[in-house]
Each structure stands twice: as C-alpha cells, then as structure tokens.
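Same chain, two partners: subunit A is paired with subunit B first, then with subunit C.
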Partner chain A sequence: MNMKDKLSKLVEKSQAAYVELRYHSREQKKIEIVRGDVEDLHSSTYSGIGVRVLHDGVWGFSSTSKMDDKDIINTIQRAEKAARITSRLKTQKVGEIGDVIPCSGVFRAEVNDSVTDHPIEKKIELLKELDSEMRNKKSINSAKCLWNEMQDDKFIVNSFGTEVEIHDEKVDFYTIAYANLHGEKISGIESRGVTGGWDDLFAKSTPHEMADKAVGSAQRLLKAEHPKGGPAKVILNPELVGLIAHEAIGHTVEADFVLSGSVAQDKLGKKVASELVTLVDHGVADPHAAGWTPVDDEGTLSQRTELIKDGVLKGYLCDLETARVLEMTPRGNARAYQYSDPPIIRMTNTFIETGEYGVDEMIEETKDGYYLEGAKGGQADANAEFTFGVEKAWRIENGELTELLRGVSISGSGFDVLRSVDAVADNFEFSMGSGYCGKFQSAKVDGGGPNMRCEATVGGK
Partner chain B sequence: MSKLLDLGAEILEKVDVPGDIELYMGSDKNIDVGIQRDEINMSRCHEKEQVGIRYIQDGKLGFTSLNSLDKDAIINKIKEAVKLARSSIPDKHNNIPSPMKVKKLDGLYDKDIENFGVEDGLEYGKNFLHTALEADDRFRFNEGFFASHDVERAVINSKGIAESERSSGFHYLGIGLASSHGEVSNMDVKAGGSITIKDIDVESVARELVLAAVDNLGAEKGKSFEGVGIFSPHALAQILFMGLLYPLKGNRVVKGLSPMGDKLEEQIASGSFTLIDDASKKDALRSRSFDREGLPTPKMTVVEDGVLKSLFHNSYTASAMETVSTGHASGGPRSVPYIDPTNLVVKPGNIGYDSMIEQVEHGVLINRFSGDVDPVSGDFSGVVKGGHMIKGGEIVHPLKQMMVSGNVFDLFTNISNISSDIELVVTVLCMELPYVRVEDLSFVSG
Partner chain C sequence: MIEEGIKECLEQLKKKGLTGDVYGIRSRILSYSIMNGEVSDSNEYEDMGLGIRVFKDGRVGFGYCAPGKEEIGVKRAIELTSLSPKTEMELPMGEKPPAVKTYDKKVERAMDDGIEIAQQMVDGASSVDDDILPSRGTLKIASGNVIVGNTKGLFYSQDGSIITGGVAATLPGEKTSLMASESSSSRKYDIDFEEVGIAAGERVVSMKDLAEIPGDKIPVILSPDAMGILIHFGLLPSFDGENVRKGKSVYEDRVGDEVAAGYIDLVEDPTSNWGLGSFPFDDEGVLSSPVSLISGGILDNFFYDLKEAVQSGTKSTANGVRPSFKSPPQIGSRNVMMSGEDIPREELFAGRTILVDNVMGAHTSSPASGDFSVVANPAWLVEDGIKKGRLEGLMISGNLPGSLHTMELGDDHKKIYDSIGSATINIELPSVKLKDVTISGK
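Now for the complex of A and B:
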C-alpha cells in the first residue's frame, strides 16, 4: 500500500473530530566553499509524519519519524491526548472548522533541468572555480560560495477527504566576495533562490556573472562613504520592495497577528497606502518563485489574496481556524517547514503590482534622494515599524545617480512608507528567493515587485 | 554505557572504511505548550532521534545526517558520506580529533523530567500566560511557549572518543505588546530557562515582558544627535552576538573574514571590559562536559581588561592556526561542527544602574536593537526598540523611530562605564550581562 492510501485508512479509523496526517520527506544537499576549502559538504534525509487533531475545539500536535502503522497510531493518540488535556484550559475554542472543500490531486513543481541530474562533483567544481575567480580579483581577499538544494515529497490527508500529493524542488545559490584594503573590510553578495532546476536558477544570470557582480559590489563599496542619515526620498529596487511587502506589511496582516492586536486590526476597508499600491500574496504567482505553494499544509488550494487594492486594505492571510473567526476564506497560507512543525500562518510570494513609471524617469524626476539596492536582512514589528539593511545606496542629486554609499539601513512605519509612495515602475521581479522567513519555524518565501519611490528614514553616520 | 554509544560502537565495528569517522547521535523528548492571542493554543509532544556522520579521508570531508536510529539506514548514510568525501577537495586541516580527558559535570540532568508530562507543561504555560495577563490589562500576549527537553547526546569516533551525556532543559519565551486608546506599542521579547524543574521561573519573565511592553506606550519622536547610548543587557547581547562574537570565531579568522586574527594580546575594547566563556557554569543552560566533537570545554577568558586573550576554536581551526581546540565545536547532528560560545559573562563594573542613568546629561537608553550588523566591516545600523530618552540624568520619555548606527569594533572601545547590575539573557546562547555606557554613537530620528 502506498503512503497516501495508508494515511487515508488511518484517518478513517480515527475517532477525533478532525485529523490531519502529513507525510513529509526532505532530501537536502548543501555545499559551502570558503576561501578555496570545502567548509560543508552535506547530504541529509529528514522524513516523518506530522499529526494534528482537533478535539473539543482544541488542536493537538505530535510527530514521528517511524512509519509503521503502530507508531503512526501511537502518534495520533499522543496528539489526541495533548488536545484533550489542553481543551480543559482553553476558553475560546476553535469550534467547527466549517465548510471546507476537500482538495485532491498531484502537484509537481515546474523543474527545468533538475539539479539532482547534476553530479555533486560538478557542483563542487563550479563553486571552487567561482571562489578562485573571485579571489583573483583586485582587493578581494576571501570569498564564499554556497549551494543548497531541497527535494520535498509530501502527502496530506485529512478528515475532510483531502488527499494531496506534492513534489517540490527548491535551490538557493550564493556568491560572496570579501574585499579588504588597509584593514577596511566589506562584502558584496549576489544570490538567487528559486523553485525549479538548474535552468530556472540561472535563467537571469550565469553563475560566473553572479560572481563578477559580487566582486564588483565589494570593490566599489570598499571606497564608499557612509550616508549622513535622516528622512529622505528613496527609490527601492524590487528586492527591497519585496522586503517591505513581506516584513513591514505582510506580517501585520497575518491573521494570528491581527487577532493579537497588530496595527492592521481595525484597518480593513480603510485607506492605508497610496492608491498606486496594490499588494498581493499568491502561492502560485510564478511557478519559479521560491515561495511556490500550490496547496498549503492544511490541504487548502492556493488562491491570490489582494491584501491592499489601490491603497485600501482588503484582506488578511488566514488559516482554517482564523478564517472562521474573521469570516474570511483561507487561501493557502497555513505552512509547516518540516514534518515535525505544525502548520501556522505564513506568507508565500508577496509582491507589489507594477505601475506605469519607467525607472529612469523615476530617477530623473528626483532632485534629492537615494537609489537603494539589495537587502541585507530586515525586521518588523506588530506596529509596522521596520528596519532593513541595504547593500548599496546611490545618492541621487538633480535626477542623476552620483556617489555610492555603504553601511546604509532604512526604517519607518510600513503603512506610512506606503502612503508616501508617489511612483511605481513598470518593471517586475521576484528577487527575495534566496532568503527564509523565521516565525518559530522557517519558511521558504519570495517577494518582489517593481521599483518604487517613497519616503523613509535612512540611517547612517 | 548509553544506548546511543552502544549502537554507535556496534556500527563503527561493522563498517570498514579507510578514513576517520565520527557519529554524533542525539535523542530529544520534547513537550511544547504554545501560547497565542492571550490563550494556551496548542500542546505538542515529539520524540526525535538523529545521527550526523562525519567522514574524512585524505583531508576530504563528507557529511550526512538522518533522523533515524535504524542500524541499516545509518550504515547506508555512512556509505553516502564516504562517497561524498571522495567527490570533495582535500584540506589538510580537516581532522577527527583524538580523545582528551573529559571531566563530567554534575547537575546537568534533573531526573524528575522523566515524569514531566503534557499536564505539567500546561501548568507552567498557564502560569506564564496568566501572570502576564494579570499584571496589566493593556498587555497582549501575542505568542510564546513553554518547552521541556529531555536530551541525550553521544559522540563516538574511530580515534577512540566515546562520550555521552544526558541533560534536561526548560525554556520559555514570550512576545507581547501593549495597546491603549488605539496606540500599539513596540513588541517586546523576553525569555528564560533552567536545567531543573525547581528553578523554573516563568512568573519573573512574564512580569519583565509586561513591564517592557507597557513601558513602550506613549513613545515620542526624538531629535537626531551624536552622543551617549546606554545598552541594556538584552541590547548588548544582540550586539555581542551579531557583531563581536563572529570575528572571534576561529573559522572567520582562518578564512580572512575577521580583523581579529592578528589582535591576540592587543587592546580591542575598553580597559573596563572583560568577557568570559564558561561551559562549566553551575545551573547555566548551555553548560556541557564536552563539545560537539567530544572534547572538553574549559572555562576561557576571551577578553581581559580590554585585551584579546583567546579566539574560539574547534579541531579544524585549531589545526589551521597551529593551536589546540578550545572545545567550542557546536551544533547538532544535522550539521558539521561549527563554532559557538556557551555561557558568556561580561564582568560587572562598579556603578549601579540608577547612578549610571543619573550621570547621563543627554542620551538614549537602548533596550533592544532591531537592525543589521555587518560582521565583516563591523558597521551596524538599526532601530532602537523600547528606547527611552535620557535628559539631565533622568529618563524622560519612551522613544519611537530612532535609529542608531556605528561600528561594533569602535563601540567596544568606546565603552565608558559598566554597571554592577547584571541580568541573565537567554537566546541561543546564555549570557550574564550588565548595562554598558557607550560614547560617540550616531542617533537619527525618523
């Protein structure tokens, strides 16, 4: 009997009001070459079954890496016990999850030239070659290349009759050049992460082009000064637009945060951004976006969620439980990173839709400001206050890019920044794919959009 | 001998490979009670078994891992590690270490954890939640957890290392905010933990969390200036973790990514700054008898009176820098041994926290730092969270949208005072830290 049929039979046998069984197997390979040495060469298998049950309006979760019927049944019983005991304490019960349409089918990532067909020796050779190339360039004293591939197989079955099979392949690739001059050190990073294979990963730039770009960034930043800092007009590149959409706004509209009192709580139907802004989350917006999620881990089919439409807050990101509380429709945002994690509300691919401006036109119109490129990590708060590191910042003076600056970060209140948007460009790119989002567990997400002009506080010396 | 070591020994006896091999095995019985939206949300229980296999042949490294203690599955993964190593590039510093005398620490395991069930976890979770909610009705408990871990870890290698240890741990973390009359404060985070059941103190952490969140209400914008910042123990932990500790790791130095490689015995911080790492600290959450490679982790002075005394090493970086491992190989079965400190202590100063504030004419109290630290250049920039403006020796109001930036290496040389008050900060590391006063910081208001 195959795994899906086996899990379906076990769901049928369970006495609980709702049972969800999720088999998840992940094969992961990682290569890390730093300054010519293999720092990590790793192959891992992590597989098992996550069990979630709903008993008396309360969730219980347990997991096992053992696949015998007896072990799975024990795990279901442990989850039931956890729910039963917890139900004595919980006052706001989940209640009936409602009319859920069962989902079925087989979903496969669109993979062009699977990375599994490329021998590990060839990948090591490529990374070593790139590392060496970068270190041979002027002022570059160290380099790092990182490869991370994941093949996921999932079977999700639940009491609604959902029977889903998902086969996913994701890959991340980083080239980092470290420049050093008179004791001053700086790094330049070029990375990409996609759902798909070799051709999808390198569709926009070859590995050598990426390494060259990382070197160029580090060399230029070595000579760069720090900005003065203060409120400023900024043009964000698609990566930073994605980061704003994800960190500053996306988290505040996750229904669990909304119900906990996030700043988006009372704003549904209200104007929260410039009318130029439409912000969307969609698990299948692009087959190669890194957050590709055709069906979530509760078995809900992904649908496009317009969070902000023409500046007005239109929706929240929900799971089955919060959708019922908020009287909304779940659209595939309950995700679990690995079998031993329960599904929680997560973004998938979060982006701002294109406008009509040309990027050059946007720069030409700006008398005084910054053109910002490349994200170096970000954090945001429930009140939408955010801060992001920015890799490169060009000063804009009288419509022209002038001085390159380093050590820049930007901050602001996400909604204030979106209200200040006065130009949205006609380009578009998903470019956050090499990163992960952390919220008690990891999630592969993507984000992007067009270039966008707005106001934010620039931090510097 | 432990069951894990027995299994490891049986497998090593069975496999016949020309290189050196290390098995790092772990089991974890975990109960986790989740808190969400002012309620106990969900209870979870897991039992995990994992093995990490490191194989080195002629300087070539291969590493595999799996979440099963099935003998045949482990042997198959050993074969895969051997194959991976053959594909790799030789590096003469890759090595599996030989045994060194390990002194076993007492007090790492509370036997009562064997009878600690979901019911017990729920009681502590409930107490954590209710203490917070009852402390102030403006407080909202967004997310949090109470978790117990009954852990056994074992490392066995073909050079003769065979060490195992059981440990218990209770961890609790809360994220919350305060809301009043339509105003939503910054979120704040507090965490705590203990090795034994008797030392669990969810109530203190809950009250600290509420105080921090409520204290953020009524925040006002400040004005940009250059001058004094007082880093709280939590903010100092973030700057230490993201900034200073990275360059002190042997692997960063070996790969040319740290300015600290040639700074041993040189002044790298203010003369009042002393940093110690103590893996044998009594009752401390990160204490252990041996590291990820099975080597002892002696107490180590990292910085003494501002002078750099030692870097953190594992066997690889020790070989590359022609020294001995300091026993700081870290990580679990799912990764090659990396480097991390254990329990960090910054030596307290002589001035009380209140007096330290009284001495500030114009400055900012930084309770948390939310931003980016570049571990290569040392540049940092981010938002002051839970910050307060200090004027004329008094805290005058909470701050919003204030950014702070500077350079981490300059920051530690610009420490002008260290408090005698210290606090325990639990993150991925366990730290006992004071408040520090830092000169010449750049503050930019939004």
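Now for the complex of A and C:
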C-alpha cells in the first residue's frame, strides 16, 4: 500500500471532528565554500508524519518519524490528548471549519534541468571556481559561495476527503565578495532562489556573472561614504519593495496577528496606502517564484489574495480557522516547514503590482533623495514598524545618481511608507527568493514588485 | 534508543577502520500557544536523531539520521569525506565530566499542568488593566537526553530540562495598538508565570503616555533583554576564535589589553549550575570549564572548537555547538555571563535617562566592528527612575566594544534565552547604562 492510501485509511481511525495527516519527506543538500575551503557540506534525508486534529473545538498536533501503522495511530492519539487537555480552559472554541471543498490531485513544480541531475562534486567544483575568481579580483580579500537545495515530497489527507500529492524542488545560491576597509568588512552580495532546477536558477544571470556582480559591488562600496541620517525621499528597488510588502505589511495582515491586535485590525475597507499601491499574495503567481505553494498544508488550493487594492485594505491571509472567524475565504496560506511543524498562517509570494512610471523618469524627477538597492535583513513588529539593512545607496541630486553610500539602513512605519508612495514603476521582479521567513518556523517565501518611490527614515553610522 | 544508535554508529565506523564522533538527542517538547486572550492550542512532539561525523584520510564528512537508520547515516557521512578538505583535529578521550545541574524532574512533571501554567500568564497580564488583551504568547516545556560518543571510547550522557514562557500584552492605542511583552526561562521549575504576565501588563500600561525624544545626549539604559540581543550580534562575534584568526575581530592581537572598564567581567561558564546553556560537555565531547573572556577589563581568551583550536594553535574551550543533530559542530557561545559593579536601580536611573526594553535590527550590527544602529521599541524617557513617557520612533546607534570602557551595570541580573532567525541567544546579564549612544528619531 502506498503512503497516500495508508494515510487515507488511517484518517478514519480518529474520533476527532477533523483529522489531517501529512507525510513529508525532504532531501536536502547544502554546500558552503569559504576562501577556497569546503566549510559546510550536508546531505540528508528525513521524513515523518504530522498529525493535526480538531477535537472538542480545539486543535491538537503531534508528529512522528516512524511510519508503522501503530506509531501513526499512537501519534493521532497524542494529538487528540493534547486537544482534550487544552479544551479544559479554552472558551473561544473553533466551530465548524466551514464548507471546505476537498482538494485532490498531483502537483509538481515546473523544473527545468533538475539540480539532482548535477552531481554534488560538480557543484562543489563550480563554487570553488567562483570563490577563487572572486578572491583573485582587486581589493577582494575573502569570498563565500553558498548552495542549498531541497526536494520535497508530500501527501496530505484530511477528513474532508482531501488527497493531495505535492512534489517540489527549491534551490538557492549566494555569491559574496568581501573587501576590507580599515578593519570594516565590506560585502557585495548576489543571490537568487527559485522553485525549479538549474536552468531556472540561472535564467537571469550565469553563476560567473553573479560572482562578477558581487565583486563589482564590494569594490564600489569600498569608496563609498556613510549617509547623513534623517527622513528622505527614497526609490526602492524590487528587492526592498518585496521586503516592505512581506516584512512590514504582510505580517500585519496575517489573520493570527490581526486577531492578536496588529495595526491592520479594524482597517478593512479603509485607505491604508497611496492609491498607486496594490499588494498581493499568491502561491502560484509565478511557477519559479521561491514561495510556490500550489496547495497549502491544510489542503487548500492557492488563490490570489489582494491584500491592498488601489490603496484600500481588502483582505487578510487566513487558514481554515481564522477564515471562518473573519468570514473570509482561505486561499492557501497555512504552511508547515517540516513534518514536525503544525501549519500556521504564512505568506507565499508577496508583491506590489506594477505602475506606469519608467525607473529613469522616477530618478529624473527626484531633486533630493536616495536610490536604494539590495536588502541586508529586516525586522518588523505588529505595528508595521520596520528596520531594514540596505546593501547599496546612491544619493540622488537634481535627478541624477551621484554619490554611492554604504552602511545604510531604512526604518519607518510600513503603512506610513505606503501612504507616501508617489510613483510606482512599470518593471517587475521577484527577488527575495534566496531568503527564508522566520515566523515561529522557517518558510521559503518570495517577494518583489517594481521600483517604488516613497518616504522613509534613512539611517547611517 | 539513542544510546543504542550511537553505539551502532561507532561500531560500524570501527569495523571500517575509521574514526569519528556521534551526537544524539532525544527530547520531549510540549508547547502551548496563547492567542487572542486565551490558551489556544498545543503541540507535543519528540525530537530524536543522530549526527555522525566521520574522519577518513584526514577529511571529514557529516550525515544525520533517525535511530534505526544508522547504516544510511554512516554511509552518507563517509561518502562526503571525499569531497571535503583536509581537516586536522584530535578527538578528545573520555574523562570524568564535571557535575553540572541541568535537569529538574519537576519541569518534566509540569508538562501535565502546562495549560494551567500558560493560563497563569494570561491571568497575570489581564489582572493589570481590564482593557489589556494577552494577545500572543508561548509556553514551552522540554526535557531530554544528550549523548556524545566517539571512536576513542568517549561516551557522555546527560539529561537536561528547560521551561520558557512569554506573553505579549496589547492595549488599544489612539493610532495603533500598544504592545509589550515579558518572558522568562529556567532549567528549574521556579518561575512565577503569573508575575511574567503582570510584568507584560504593567509594561504596556506604562506605554500610554508619549514624550518627546530628547535633543541632547543623555544616557541610555538597556534592559537585560535588549542588551543581550545587542551583545549577541554586536560583541560575541569578536570572541569567535576563527574571526580573530581571520582578522574579522576588533580583538585581534589584543589579549592582555584593557578592553573594558576595570569592573567588567565577561565569562563563558557552562559549568554554572542551572545556567540555560550549561552542560558538562560541549557537542563535540570536550569537557566544560569556565573560560574568562574579559577579566577586570582585560582581554583574556576567545571561543574555540576542536577544528579552530588546531588552526589557532590552542585548545578547544568547549565551544563546539550544534543548533540541532542535523548540523555539524561550529563555534558558538554557550552560557555567557556579564557582570560588573551591581549598581542599585535607584542609582543607575538617577537623573534623566532613556530606558530601552527591546531593540529591532540588532542582526544588522557589524560583527567585525561592533557598530550598531537599531530601532528602540518600547523605550521611555525616565527621570529619577520614573517613566515620563514613551518615545516613539527612537533609533539608537553606537559601538559596543567602545562602550565597554564606560558602561555601568545594574544589579538586576537576568538569564536571557531568545531566538532571532537561526540564532539562539543565551546570556546572563543585568541592565546596562550606555553613555556614548547617539539617539535620533521622528
């Protein structure tokens, strides 16, 4: 009996009102080359089953790495016990979880030239070659190359009759060149992460072109100065637009945060951004976006969610439970990173839609400001207050890019920043695919958009 | 099961004439979530696995597996040795580990009362003000066993336990909701979780009134939570032996120099009983002992694991750590403790100061220079210890190694246990007053 049939049979063993069994197997390879040495090399396979039940109006979750029927039944019973204990005190019980349409089918990522067909020896050889190339360039004293690939197989069955099979392949790749300026480490980073294979990863730039770009960035930043801090007009590149969409806005419209009092609570139908802004989350917006999620881990098919439409807050990201509470439709945002994680509300591919401005036109119109490119990590809170590191910043003076700056950060309130948007460009790029979101558990996500002009606080040294 | 698995892996390695070590963990974890004013759901699971490191022809390979799959794990680790560079490393011999208290059976027993314990945080926060919503929170109770063995006959086993809980209290504000949180962690079942909730509640109530960000330079006092995060990202990387050797630390060639005020000690002590990162051995089987990083303001030592110790021509300081059994060992801090003059609160807060309870963006600090620029939220203007109003949109920036020369330390020592991204923060320290911080904001 195959795993899907086995799980379908075991779903009937539970006394709970709702049962969800998720088998998840992951093959993962990670390579890290630092200054010519293999610093980290992993190859692993792990698999298990996550069990979630809704019993007496309360969720219970448990998991096991053992696949015998007896172990799986024990795990179902542990999940039921967990739910029973919690139900002693919980007053806001989860009611019926709605008229959920069972989902069935086989979903495969679109993979052009699977990375599994490239031997690990060849990948190490390529990364060492790139590392060496970068270190041989002027002013570059260190380099790092990272490779991370994951192949996932999932079977999800639940009491609604859902029977889903998902086969996914995701890969991300980094080239980082380091230069040293009076003891301060300056880095140039080029990275890309996709759903797909070798050809999809390197569709825009070859690995050598990426390494060259990383070197060029580090070399140019060596001559850059720190900016003066303060509020400023800024033009964000697609990566930073994606980061604002995800980190500063996206988390505040996740229904679990909304119900916990995020800044987006009670804002539905209200103007929260410039009318130039339409912000969307969609699991299948692009077959190669890193957050490709055709069906979520509750078995819900992905649908496009317009969170902000022409500046007005239109929706929240929900799972089965919160969709019922908020009277919305679940659209495939309940995700679990590995079998031992319960599904929680997550973004997939989050982006701002294109406008009509040319990027050059946007710069030419700006008398005094900054052009910001590349994200170096970000953090935000439930009030949409955020702070992001920026890789490169150019001063804009009288419509021209002038001085290059380094050590730049931007901060502000996400919604205030979106209210200040006065130009959205006609380009578009998903460019956050090499990163992970870390809300309680990891998740592969993507984000992006066009270039966008707005106001934010620029911080420097 | 873990013990048998480790023995099986080591046996297979010995049969093949190879050396290596195996790290195994079995832990039972129970967690409860608090959401929207009540304990919402629970998750109980067992984490179990083996991390296998193999040495073949001077090269190292790493693999991991579940117990029962030892053959696959060993095979995979051996395969990867051919792709790795030559690595010099001497595995330790078995000795008698130091006695370190890391396990309290009351923590394991508390799993049966987990929901009531989580409820105490909800009740505590709600008791402060009728309008407070304990909006989010987590209680996590874990206990388990860690075993490290190697082909030289070393075989150490120790039980550990931890209970950690935190709650965020939300109050409706004029423009946006106000939110503040409090958390506490211990290896013993000795936390008053109602007090944790009350602290979160009182903190959010104190955020109601606003104050202007001062235009002049005044001292900034960081709570243990805020300072712990800053130290983790802005100071501890400079104590990583590999960073020091590669010139990525402000402390390169500075052992013996005065790098802090004479009253400051910074110690890595995994032998401290009940320390959150304490354990009698590290994840490579090196026995723990206290390591002085800064003593009386003088730079003493750095963190080393087995591999870096060879590279740097020194001994491992028992700082080979693994984020999980799925990762090979890497250099990391375990149970850092910072101490100083223990200035009483009323003295530390004398005059006009700014109190910062949490910071955002500490991960953007420069690990090489210790420069930081972070959003401080929540933060208050304080006069003689009394909060005068919350400071909205405050940013603080400075340089942590530089601040060590002038900072003052309070007497409210707290064990901080936090995680940001993949980083686990594990530091014991008091509130710290920084006098050379640049403040800016809206």
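The rule we apply is simple: the second predicted complex is superposed on the first by the 456 of 461 C-alpha atoms of A that agree within 3 Å, B and C clash if a C-alpha of one lies under 4 Å from a C-alpha of the other, contacts with A are read in each partner's own complex, and residues count from 1 in each chain.
Keep this in mind: a contact is a pair of C-beta atoms (placed from the backbone, for glycine too) under 8 Å apart; a residue touches a chain by one contact, two chains touch by 3 or more.
In this text, all values refer to a predicted model and were calculated from it rather than measured experimentally.
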item	value
Superposition on subunit A - do subunit B and subunit C clash or fit	clash
Which superposed partner A:402 touches (first subunit B, second subunit C, both, neither)	neither
Subunit B versus subunit C as contact partner of A:438, first or second or both or neither	second
Partner chain in contact with A:411 - subunit B first, subunit C second, else both or neither	both
Partner chain in contact with A:329 - subunit B first, subunit C second, else both or neither	neither
Which of subunit B and subunit C A:187 touches, first, second, both or neither	first
Partner chain(s) touched by A:42 [first = subunit B, second = subunit C, both, neither]	both
Touching partner for A:206 - first (subunit B), second (subunit C), both, neither	neither
Subunit B or subunit C, by number of subunit A residues touched	B
Overlapping contact positions on subunit A, where the subunit C interface meets the subunit B interface	37-38, 40-46, 58-65, 78, 81-83, 85-86, 89-92, 120-121, 124, 142, 180, 183-185, 229-231, 256-257, 259-263, 340, 342, 376-379, 381-383, 385-389, 407, 409, 411, 457, 459-461
Subunit B-touching residues of subunit A, taken from the complex the two chains share	33-48, 58-66, 78, 81-83, 85-86, 89-92, 119-121, 124, 128, 141-142, 144, 178, 180, 183-187, 226, 229-231, 256-257, 259-263, 340, 342, 376-379, 381-383, 385-389, 406-409, 411-413, 440, 456-461
Subunit C-touching residues of subunit A, taken from the complex the two chains share	37-38, 40-46, 58-65, 78-79, 81-83, 85-86, 88-92, 120-121, 124, 142, 180, 183-185, 229-231, 256-257, 259-263, 265, 340, 342, 376-383, 385-389, 407, 409, 411, 438, 457, 459-461
Residues of subunit C defined as touching subunit A within the complex	32, 35-49, 61-66, 72, 76, 79-80, 83-85, 114-116, 119, 133, 135-136, 168, 170, 172, 176-177, 179, 246-248, 250, 326-328, 360-361, 363-364, 366-369, 371, 373-375, 377, 393, 395, 397, 420-422, 440, 442
In the complex with subunit A, residue positions of subunit B that touch it	33, 36-49, 60-68, 77, 80-81, 84-85, 87-89, 91, 93, 118-119, 122, 126, 140-143, 145, 177, 179, 184-187, 224, 251, 254-257, 259, 334-336, 370-372, 374, 376-377, 379, 381-383, 385, 400-401, 403-406, 442, 444-446
